[in-house]
Structures are given as C-alpha cells and as structure tokens.
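Pasting the structures in now, so scroll down.
Note that subunit A is present in both complexes that follow, paired respectively with subunit B and with subunit C.
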Partner chain A sequence: MKKRNIWAVSLIVLTIILALAGCSQQDENKIAATKDDKKVFTFSWSGDIGDLNPHTYFPNEFFSQAMVYESLVYYGEDGEIKPWLAKSWDVLEDGKEYIFHLRDDVKFSDGSAFNAAIVKKNFDAVLANREQHDWIDLINQIKTTEVIDNYTFKLTLHHAYYPTLQELTYVRPLRFVAESAFPASGDTFTDGLTAPIGTGPWVLKEHKENEYAIFESNDTYWGEKPKVDEVVVKVITDGESRVLAFEKGELDMIFGNGVISQDSFKFLKESGKYETKISEPTATRTLLFNTNRETMSDKNIRLALQHAFDKDAVIDNIFYGIERKADTLFPQNLTYTNVEVDPYAYDVEKATALLDEAGWKTVKGKEFREKDGQPLQLELLFISTDNIQKSIAEFVQGDLRKIGVDVKLTSQESNTFWTTAFDGHYDILFTATWANPFDPHSYLASITTDSSGGGPDYYALSGLSFKKELDTRIKEVLLTTTEEDRIKQYHQILTMLHEEAVYLPISYQSNIAVYKKNILGVDFLPQEVEIPTTTIDMKN
Partner chain B sequence: MKTFRQHSLLIVSATVLVIFTAVAIFAPFIAPNDPYYVDLTQKLQPSSKGYPLGTDHLGRCQLSRLLFGARTSLSTACIVMSITFCISVPIGIFAGYMGGIIDTWFIRICDMLMAFPSFLLSLAFVGMLGPSYGHLILAMVCVQWVFYARFIRGMVLSVKERSFVMVARICGTSPFKIAIKHIVPTILSSVIVLLFMDIGGVILSISGLSFLGLGVQPPNAELGMMINDSKPYFRSHPMQMMYPGLIIFFVVISFNVFGESLRQWLQVERRL
Partner chain C sequence: MIRFIYKRLLGAIPSIFGLSIITFLLIQLIPGNPVLTYLRVSNIQASEEVVQALRVKMGLDQPLIMQYVQWLANVLQFDFGTSFISKRPVVDEMVLHFLPTLQLTTVAFLLIIVCSIPLGVTSALHRGKWFDKLTQLFAFSSVSLPTFWLGFLLMYFFSVQFDLLPVLGKGSVVHFVLPATTLAIGYIGTYLRLIRASTIEVLEEPFILYAQARGLKERTIVWRHILKKAASPTLTGLGMSFGNMLGGTIIVENIFAWPGMGQLLVESIVNQDYPMIQACVLLLGIVFFLTNLLVDILCGWLDPRIRLADDRIK
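Up next is the complex of A and B:
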C-alpha cells in the first residue's frame, strides 16, 4: 500500500514538472518559430518597456516610446532640426507663432489618418495635465493650439521661446497617438491608452510584462521601412546574465549605458568574436548632493567630497579609459556649456582640512569623524542592477573611509530607486544629465520644477539659500532672445552650480554596443535614448 | 566497524568546524591586511607575498576578506540560532504543556508559516523591510522559529505523559518549575542536536540573501556577497568566485555531517 502511494505521488509530481516545463518551452518556441521565416532581431533591456504611452513617463522606456510614436520634427546630427511628421513650418510674430504643415501621407497603425485635428487632440491632452509636464518649459509657454486646415496646425506661445522646435523633438510627451487609442475620458495621463497605436515604424505585437515584448514592422509606415521584420526585447535585469545570454546566442546585441560591466565589455571586445562600438560622450555621470540633509547643507562638506574623490583612479581602473573624466556638469562641446571654471582637483589634504573646518573632527580610537558626538555618515544611493554604479559606490566607500567618512551604501532596484530619489531619502545620489537634445536647457529647467517628468534635482537643490534666484535665472535664460544674452546667462548659472559644489561630475558617459558579426547598421542616433532599430539589418 | 566510521566522521567534521570557528574568532589577528582597505591600483592582483590569495575588484586583500567573511557568516548564524532557541523553547513548551485551544492555534500558525518554502519567506520578509543586517536576522528568525517550536512541542507532549512529570504534578509542583526542572533537561540534548544540524542551512540562507544583495551590506565581507562581487570577473579570474564558494561548501557539509553524527551518537530520534 505504502509503495503504491510513493508511485502515485511520483507520477503526479512528474506530470506537474512536465506540464510546467511544457509551458516555458512554449514561450521559447513561439519566439523561435517566428525566427525561421522572418528576420527577427533580439536584444535585451534591464526593465519592462512599460505601457507604451507617449504622454507619460516612468515605467515607460524612451527607446520603446520612440519605436512606436513620432514627433513633428526630428533631432538630427549636430542638433539640426529636420522635418518629420511636419514637412515644413513657419515661425511668425517674432517667434510667438509656429505654423506646421503636416505630411498628408501618414497613417496610424490602425489605418486612421494623421491630420491637424489629431495633432491638436494630442497637444490638448498633454496640456490638460500641464503641471505633470512642466519640466519642459514649452508646455508653460503654449497659449493656444489651432487647426488651420486638415494638414496645417498652429501653435501660439506666450513668449518667444527659443528651444521650441528642439523640445518638439522629444520622445515624450508631445508625440501622437491615434483617436482610437484615447480612453473614454480623454485623459491619457491618468487613464492610459486603450491600445498603443502610433505612426512609427514599429507596432507592438506581443507583450508579456517583465519578460519580453515583440514589435513588428508597421506595414503602413510612411517613411523608410525597418530592415528586419521583428524586434524582440527581452527583459534581463542582471548584466552578467545578459552577457551569458548574448554569448549563448539568445541576443543579437547588447546596447546602452551601464548595461554590462566594463570588464565584461573589455572581455567581449578582446574575444574578437563580436563587433563593438562606443559612442561619443553623451551625458555626464554625476553624483548629486542632497542639500536638504543637515550634513550636506554645509558647503565645506560638499567641497571636501569634491576634493576627496579620486576621479583618475575611477577612470583608469573602473572605466579602463572607456569614459572620459568630467570636471563640469555638462560636456564642454554642447551649445552654451563652454564655461571656464577651476576644476576641483584631487587633494586629500585639502579635503581633510575642509572637514576639520566644518567641525567634523577625528576622534581618537574611532574610525570615523564626529561632530557633537555624531559620527559622519553619508548615505549613498545607487541602482542595484547598475554594475558601474555599484563599483564606483564601493570605491567611494572604501576611499572616503580613509579620511574618516562613513559612507553607507543603499542599493535599490530601479523603480524604488527613483521613488526614493524623488522623496529625497539620501545624502548622495547617482544621477546623470540627460544628453542630447535635453542638455543643457531642459535639464536645467527640470531643476525648477517638481513635476514627474523632471528629476530628483529639484528637491536635492532646494536646501540651497539661493535656490529661488537660481530658478528665476534658469527661467529667464529660456526666454532670452539674443545669442549673446543666452551665453552670458548660461555662464552665470553653470558657474553658480559649480561653485556651490552640489554636483560631483565623474565622467562623460557613452553608449556601448556589442553585436554579432552578422548584424549591420548599428549606429548611435543623435538622441542618446533612441536605439537604431530601423537601420539594423541581419545577414544570414 | 560502523561506529568507527561514525566516530571518524564526527572527528573530521568537528576538526573542520573547530578550525573554522577559531579562524572566525581570531580573524582580526590572523588577517594579513585590512579587509576594507580599497586600492584600485592593486585591482585583481594574483597571489603574492603581501596578498596570499591576491586581491578583489577593488584591490582589497582576498584572504583577509575571506577570513572576515567567515566571521560574519558564522556570527550571524549563531545570532540567528540563539534567538531562535530563545523564542522557540518557551513557546514550544508552553503550547505543548498547556494543550487545548492554545495548542490548536499554535499548530494552525505553524502550519500556515510552514506552508511556504522557508527561503522564499525570508526573501519576502527582507524584500519588504528593505535590505539591512538587522532585517536579515529578523527575517531568518521569523522563518526558523516555527520549526523548532513545533518540534519542541512534539517532544513536550510525550514527556509530559511520563511518570516523573506526573509525579511532580501530583505533588503540586508549579507548571513553571516542572518546565524548568523536568522538561527542559529532558529535551535539551535533542534541541541542541537539531540546532547543529540546521546551522549549515542557515549559513547557506544568509549567503544566499547576501548574494542577492539583501543581507549583509558592503563594505562588510560575507561569503555570499563575495561570490556576487566576483560575478563580473568569473571568466578572467575564476578563483575569485571559487574561494568563497569552497569555504561555504566545506563549512556547510561539515555542519551537516557533524550534526548527523552527533544525532546518531546521542541516539536522538529525528522527528518533527
């Protein structure tokens, strides 16, 4: 009797195991089956693509929004604004009115027409939630939106706002969804979309949250069609797993920043089996100090950290020279960012002197400095899946320990990380500027607002005594009408930020691409956040 | 013949554990270098006179980190086990001795908690509370205590029917005194054997959680975390991962063998 029981139990267990194995096998088969007769390009991302709504932010990913939705104008090489859904435009009234002449051959992927009416509807839907989007000052500047005729759309602004066209190239929020995608309430920000329908080269075919997303080429696309039939985006959170998946042949490409460790990149490059590329510097990898915390509100502490950070060691030994050292918040090669400031040199003696001056003294028999009996502890927040952040964080912790500063490392998974960052529960935070086309003006504008599309900088900097003045200056520079004024004012703002030492720029980061030798057309696009899915081709 | 094999196993595993414990206790004196001293220029160095087992990805002495890692693992396991012991013994005895509705409820709670795989449950605990050393211990204890409490309750149920307890009761001895004087001494050896048998599993869980970044936090060295740290370098520097892995392997197997041999030697019944 007992023996029979064992058999019965084993049989049941076996059945369950086989059934479960069958399930996962099915998913794999589904992806594999499409592979035989079509060109299917696969890469991975560290998180899910989100709900594909161009009017919202996190957890949407820039690259996936850009695959499905398009803008009126396109950000080209060297910042040149190119016609896109609008084939031309006129600027009237000294820059207060923009008239866009739309293409008449564009259709949404559901077959409906793209015209001035739907452009207005999308603009109005975004403007209905102005405060959520006002990190782009254009949103505040828009006075009216008008349909002139079926293919002519007019935008009237309160002031002549110089970055208007540039901000219209952004991946979000001013991109267009079809009529049928609007929820009954019309509020795309709160209620989401009924379906992700855009005019772009890709259509979402299948999406399994946190596992994979499959995009297929849009048959009715007006522009040059993608060269591969399908793009599969697999979610792989961990860098090493990503490298293993790539080596196993499950992925065709690894793309992005911080997606694999520099050591793995070096290893893959030196293996000679794959093609590798590094983009020009895009954005600045920087530490942000939270001036609301009592310790960090002291300028001497911030200066001490600037001098105590050994950037060269990080560049040489963590980045292997792949990323270049940064001394200013923005790379000097962007428009308006070429400011002359004295970089903070690595100088441990100066750092210790500054700490002493701030009242944080070494105590005999104790490892860390103290002030009024409190040890000097700073909390450094980083994203647990970002290999580069982790290495730098551990280095900082070890290095600052030598001068008696206790750095507490808090690692969080990226969703929680951003929530904590926005809530301001940290002393030091890893962040980065936004790269083209956002730097410097949109990044600076985000400092002045707490909208969800902005950054943690608003809160972090709000402890500064001159924060109000800084905000006013940033708002002013966006409305300047002459080039000369603009250069002068940007110079003042950037010098101010540098002197207050609230940012500790580490390096100018680059995107990396590692791909199989049969993949062609991998180029870095002018907007750093986009992935070149339309130009990529596969040889057999 | 059989007893000789048992004894030899007991002796071998005990030796390994004594060495391990000694190393853990005296780590600060044995370690050749400061395990927390970061020097990026000395990154991933091979074995040398100054660094007997080379250095890790931040140029820290690998051997010193392993010694401190062993210390962290063992001390954490001991803390978890002691707290578990202190919680489960009174609760187990109370439930077993009182019986009735208290016992029924106790069993219900145990069944509920035991329905989940213990590692998954501790993972959920730490995940909710946030990663830190204190939360790691809390999570481990929350998951562990039910098993012991239930085991102790089972033993108490049989012990309380035995004649010497009956006699004590008839003489009017207070339940508290019965528990301390008669029940605890009877079940103690079994409980200790059980603790030893489980300590390996606890070390493994601590390493597992730390590997996932949920347990011991940097810069403190911990064996599981060291394996995670060496992940990006396992192709170029496989020994980085092997050292902590091997230590975990030998320590856990020694604890298991030691516990099992001890059980056989003391002839403790294994039941839950």
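Up next is the complex of A and C:
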C-alpha cells in the first residue's frame, strides 16, 4: 500500500547513489588487474611517502627514500661498512681525505649514468643548505668535494672525523638523484625535485597522495634485483584498522615499531595463522630528567626515581615481553655500547632512604613528602596520542606515589610536546635514542648542541656541573683515530651518564613483523628504518 | 521566489565576511609562533636573521588589520598560501582532499534521507505497533553507539568475518558502504524519530481528516500532504547535519583510511600547518553557510508562508 511506494522510491534512489559513487572505480581495478600476472607485495604505512626527495626530511619517510636512493657505502650487520655505489675507498692524510672509487655499472632509473660528477653535484646541493643538515656532524666537517676522474670522487675534511663512512650510509641527506631530477635552480632542498629518479632497486610507478604508492622493480638495477615485481604501500593511519586490513588479506605484512598495539601483536601471534618476528633491540625508550629543575638537579632524587620504578611490571603488563627491559642508555648489541655498569635495581627502601637523605621528609597526615614546606611534585610530560607512553606514565605515577612523590602527568600533542621539551618546561620527559646507525655517536653528539636537529637532551643535561666536560669528551671521541681509544672514551662517557642517573632507560624498542605464511625473506635490516623489500618473496 | 533567494544570498555575505574575520583571528590565538613553527617543521635553524626575514616574507611584521586585508585579498583570488609541510599551494591540497569527503558525506547524507523518511513515516502510520517499537529500539541504539566502535564492528563482521566488503580505503562503489553507513547510522536514528514525530503531528491535523473524507487515496495523502508538510523541520535539521558531517568525518576517515578533509585537518593541526588550518576552517564554514542557505530556500519553496512572511516584514 502506501508504504510500499516510499520503499520502492527509496530503493531506486539508493541504487542511484551507489552508481554515482562509483566514479572512481578504475583505481581499484588497476591495482587488482596488476595482481593477476605479477607478484605484488602490499603493506601499509601510517602516513604518505612524501615527495621522495633524499635531500629533505618530513614529510618524507625513511623507508621509501631508501627504496629509491642509495648511498656510497652500506651499513651492514654489526655496523660493518660495506661497498655500495662506491666499490672501494682509500682513507688518506690520517683520515682527513676520502677517495671513493665508484662502480661503473650503475645507471639512474632514467638511463643516465652515475659518475663522480653527479656525486659531486648531489653533495654540493646538500652542502649548499649546510645549516639544515647540521645534526650530522659530517656535514660540518666537509671542506671540499672533488671529481678526480669519471669514477673517482674525493672528499676532504677539516678534521679526521671517524664516523665519516657511517654517516655516509644514512638514508638522508647524502644520497643521489639524477641530473634530470634537479630543479632549474639546482636547490633541491627549497625547490624540490622534478621527478624522483634514483639508482635504487625500486622506481615509483604511481602515487596517490594519502592513499597509496606503487613501486615497481627497477629493470636496470645494478645489484641483486627484488624478488617481487611491485610493492604497494597503502596509507592507513589507524593501528586497529591496519590489523583488520591485514586479517582480511588486503595487506601481506605489518612492519615497524609502534605500528600496531602490543595487544594486537599478541593476538595475531597467538592466532597461529601468521608468521611473526621481533628484531634485535634497535633503540632505547627512556625517561630523561631535567637537571635544570631544582629538585631534579639533586642526584639523590634522580637515584631515588631509578630505584622506585618497577620496570619489570611495565615490561610484563604493557609490553607482554615484546620489548625487553633496558638498564643502559643504549642497547648493548651496538658498536661501542657494551659497557658494564651496575643496573639500578627496583628497591623501594633504598629509594625512600635516598629521599630522606636529600631532605624530602614525610609529613604526618600528608601523602607526599615535603621540604621547606614545599610538596615534592614532579611533572612528567608525554605525547597525548602515544598510548604506550600514557600507560607507562601511569605506572610511573603509581610507583612514585608509593615513595611519597607526586607525579603530575602532562600530555601534549606531538608538536607542542617537542616545543615544550626543547624549552625545558618539564621535570621528566619521554624520549628515545635514535637507533642504528645513529646510536651511539649521533645521539651523543646531539647532546652537545642546542640545534633544533638535535634533541631536548642538551638543555636537560645543562644543569649538570660536568656538562662542559661531557661535551668536550663527546666531541673528542668523534675525532679519535684509534679503535682502542674510541672504546675507552665511549666507555667513560656512558659510565658517566649512567652514574649521574640522568636517563631512566625503560625498554629496548624493536621492530616487529607480522606476515602471511606465503611470504619469505622477511629479515630485519641493520638500519632500523629500512624495510626488507628487496629480499621479500611470495610463494603461490 | 527569485526575490526570496536573492535576499537570502545577500544576507549570507555579512555572515561569510564575519566568518573570515573569525578564521583569521583564531589562528592568531593559537599558542606558538608561525615563523618558528615553519622553521621547525622545515628543519631550518632559527637564527635571528632568518626569523626576521621570514616574518617580513610572511607579512607578519605588518599591523594586524593590514595582515587581514592582505589575507582576504589573496583568499578572494583563491590563494590560501603555501602549506608549511608539503610546500605546495594550499588550494591544491584542499581540492584533493575535499572531493573524497564531499563524496562520502553526500552518500551518507542520501543514505540518511533514503532510510529515515520511509522508516519514520511508516512507524508514524503504525504508531504503537511492533514496527514502530522496532524502529524506536534501532533509533536509541544507533544514536548511542560511538562511531569508532561501530566502524570497527562493521569492519570486523562485514569485511573480515563474512568477506562481503573491503575493509578500508577508497576505490570502487563498495568501498563507500561501510564508511557511509558508519557515518549515517547515528543520524538515521535521530531523523527517523524526528520524521515520525512531525508526521504524527500532521496526521492529527484536520486537513488530513478532510482529505480522507474527500476520498483521496492513501498514497496521495502521504506523498502530497503529509510528507510535504512534515519535511520542513526535518530539512532544517538535515542542512545543519550536512555541515556537521563534513567536519565530523574525521574519525570515520581515520578508521577507514579515507583520504579526505578530516585527515588533512587533523594532520595540519598536529603539524601546526597554519595556512592549511585556516583554509580548512574557512572552507568548512562556507560549506556550512551554503547548505543552510540551500535549506532555507528549499523550505521557502516547500512552504510559501515562509517566503511570504519574509516579504511582509519589510
């Protein structure tokens, strides 16, 4: 009767809507069509790949830059420097001159030749914007760049800077784009590239901003070619959505650090339907104490906090053991970080004794300790969208309450968080070391500079009486010439930082990988930010 | 009628002008310094000279009123400046992201109309019967469901478990089903109740009884008399909702990886991309105005009393 008509009209309209909505159907078909005859590997990332320019930073992603652009030398297992675009090199003048012998069989993906001239052009383009890259000390050390002959390139430094080769392995900014990619002005930093053309195993085939990027295998690649034909990177911002897309089969792999919740990882692992892997520790999740604050400038307080925090509870309850407990600022498996120090054990009695010694006494009828009538309150700053930081912060708050310390939790969205962190408006801050290949030397170097490319550590540690000495030592170690010297000096620096208790290491972060059972070759690469796209293969 | 439309359009101009002032000033209220923010996100050392040079380049050394005039002049030429992050014109980014959101919102919006009108009218005609009770239950539960939870539930069941629809992303027609449903369900609950209420009100009017007495067909009564009269309050609400939905797709876009305005806006806020935030807010505001304007005109067309009353005031 009457209602039947309304329903009928509604149905017709609904059909029309769906038909109208189909205007962009082609895209999906295109992806689907390529799947039939090719090996297409799909994974997701939380943001867009950016404009694929190796000479710039955000919004570029490390992994995508590394897929398209290559370095002179490669950071191998255990930090071993391997030949890459340079097949060999000579170090002259006690480490002040580097002569690179380039491979002669490398071509950019547009067919143009890779030679010493283009290496120099890329170096010079980066050096033209020196200030933007000064978080890498090598940039400041470079005096001249020279073309010796077609395949020989020479780098002259101001000082014998030992991490030179290591810093040349970085994903940015010292990697190479083709002549045709340079903008008319030649300034790749300000004006960007005309096209993302590199020498790497992958070529960008298609990019739809904030939706997906498709990379195809580079036919003219000089090295071992990728095993799959195409890699599709889908942009999925939400971690839970990522898990559902993976379960549905729309993704072949989930990879990275913090890309899904610990609960989801545990769930996927226990389902038994997928393969899972956890990498060796890459970086350290740590709390940083602001020694400029009066309370925190007291070493006894810092020590008390070290002893009062029950790390094991956090490892068990938040990380389910996925991240391992950290007792030192850097994971012990990195070069120069294997330092023997006594870890600060969980010991509430010791913590209370230290607070008493520092003059912070318990007051009858009050929950928190006081000194000269002031309650002991510390502000802990964390990133509001980071659920792990939030959960840990609550544990810290609970643990410190037990020894009479009031912890005020302050959350800020990430940009404001870093501004506040650099300005030093906090007592305790969440931070993390930079992982391979930046740890330990680049991270420690950042402590000595207030550059915005550095970290909040410079200001946080500046309340220490021996800060100047620490800075000098770090600068010295970077210019050491013998391995023995270097080991000794790193040992001293790291012991110093440990004994002063300015960092409270919580856990060692790892990359995780969850992938379908038909995927092979998922091995973690030495650089934390790289994704093993070239070794991955798919069984049918 | 044309006169009525003309007057409404004219009336919108001061509102949009006011909106532009508010948008401009809002940015001034945000803590932090745009120059320093720009330098930080660009990874450029903030030396005194650089900051000063950039202040002049961005026109921030001018008095506020001049800054506004300059900004407005640019905006009128569709020049919203350059994004701090992508370094591309803001307009390009907005067009790229606005379209997917507009598509999604339009589909959801039509879904609301198509579902809530028949449900509302039918339950009013069958007041107190089981169908009415069922829709009432649906209305209450749909309004109470949090969007993100509903989104994940739909994803889990329709996509992962039963493998009927794609989980997320944008592409074909079927990609619209889950996000549009998630976006629409809460509104459907609200509007079916609203339509039910206004239909019942109309049903009790003497002219319906008269129409029945005249022996008109039920169909004619429902379509020509009840719906037309009951539509007016619903339309006003829907107009507001359309604007709300455009701005409120943020959660849905995030969950379903939909490359729209919501994602752009959130990203811009997180990165303090001032020109982008400004442009997004202004655009959403204008769309809000325009939909309301459209609703006003539609209401005037549906109900002559409104446009006549408007004329009489003058």
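Everything that follows uses one rule, which is that the second predicted complex is superposed on the first by the 352 of 540 C-alpha atoms of A that agree within 3 Å, B and C clash if a C-alpha of one lies under 4 Å from a C-alpha of the other, contacts with A are read in each partner's own complex, and residues count from 1 in each chain.
By our rule, a contact is a pair of C-beta atoms (placed from the backbone, for glycine too) under 8 Å apart; a residue touches a chain by one contact, two chains touch by 3 or more.
Computed from a prediction, not measured in an experiment: that's the story for all the values here.
When subunit B and subunit C are set side by side, the one touching more residues of subunit A is C.
When the shared chain is aligned, subunit C comes close enough to touch A:415, but subunit B does not.
Of the two partner chains, neither subunit B nor subunit C is touched by A:332. In the superposition on chain A, contact is made by A:401 with subunit B only, not with subunit C. Contacts of A:239 after superposition on the shared chain: subunit B is touched, whereas subunit C is not.
In the superposed pair of complexes, A:192 makes contact with subunit C only, with no contact to subunit B. In the superposition on chain A, contact of A:313 is made with subunit B only, not with subunit C.
When the shared chain is aligned, subunit B comes close enough to touch A:384, but subunit C does not. Legend: residue contacts after superposition of the two complexes on their common chain; A:209 is shown touching subunit C, with no touch to subunit B. Residues 240 of subunit A touch subunit B in one complex and subunit C in the other.
Partner subunit A is touched in their complex by these residues of subunit B: 36-38, 40-41, 43, 57-58, 60, 131, 213, 217-219, 231-236. Those residues of subunit A that touch subunit B in the shared complex are 239-240, 261, 263-264, 267, 310, 313-314, 316-318, 384, 387, 391, 393-395, 397-399, 401-402, 408-409, 411.
Of all residues in subunit A, those touching subunit C in their complex are 1-3, 5-7, 10, 13-14, 17-25, 27-29, 31, 51, 56-59, 131-132, 134, 192, 208-212, 234-238, 240-241, 244-245, 247-248, 250, 413-416, 418-419, 451-453.
Put simply, subunit C touches subunit A in their complex at residues 31-32, 37, 39-47, 85-87, 96-97, 103, 107, 110-111, 113-115, 117-118, 121-122, 125, 152, 155-156, 159-160, 163, 166-173, 175-176, 218-219, 221-223, 254-257, 259, 263-264, 269-272.
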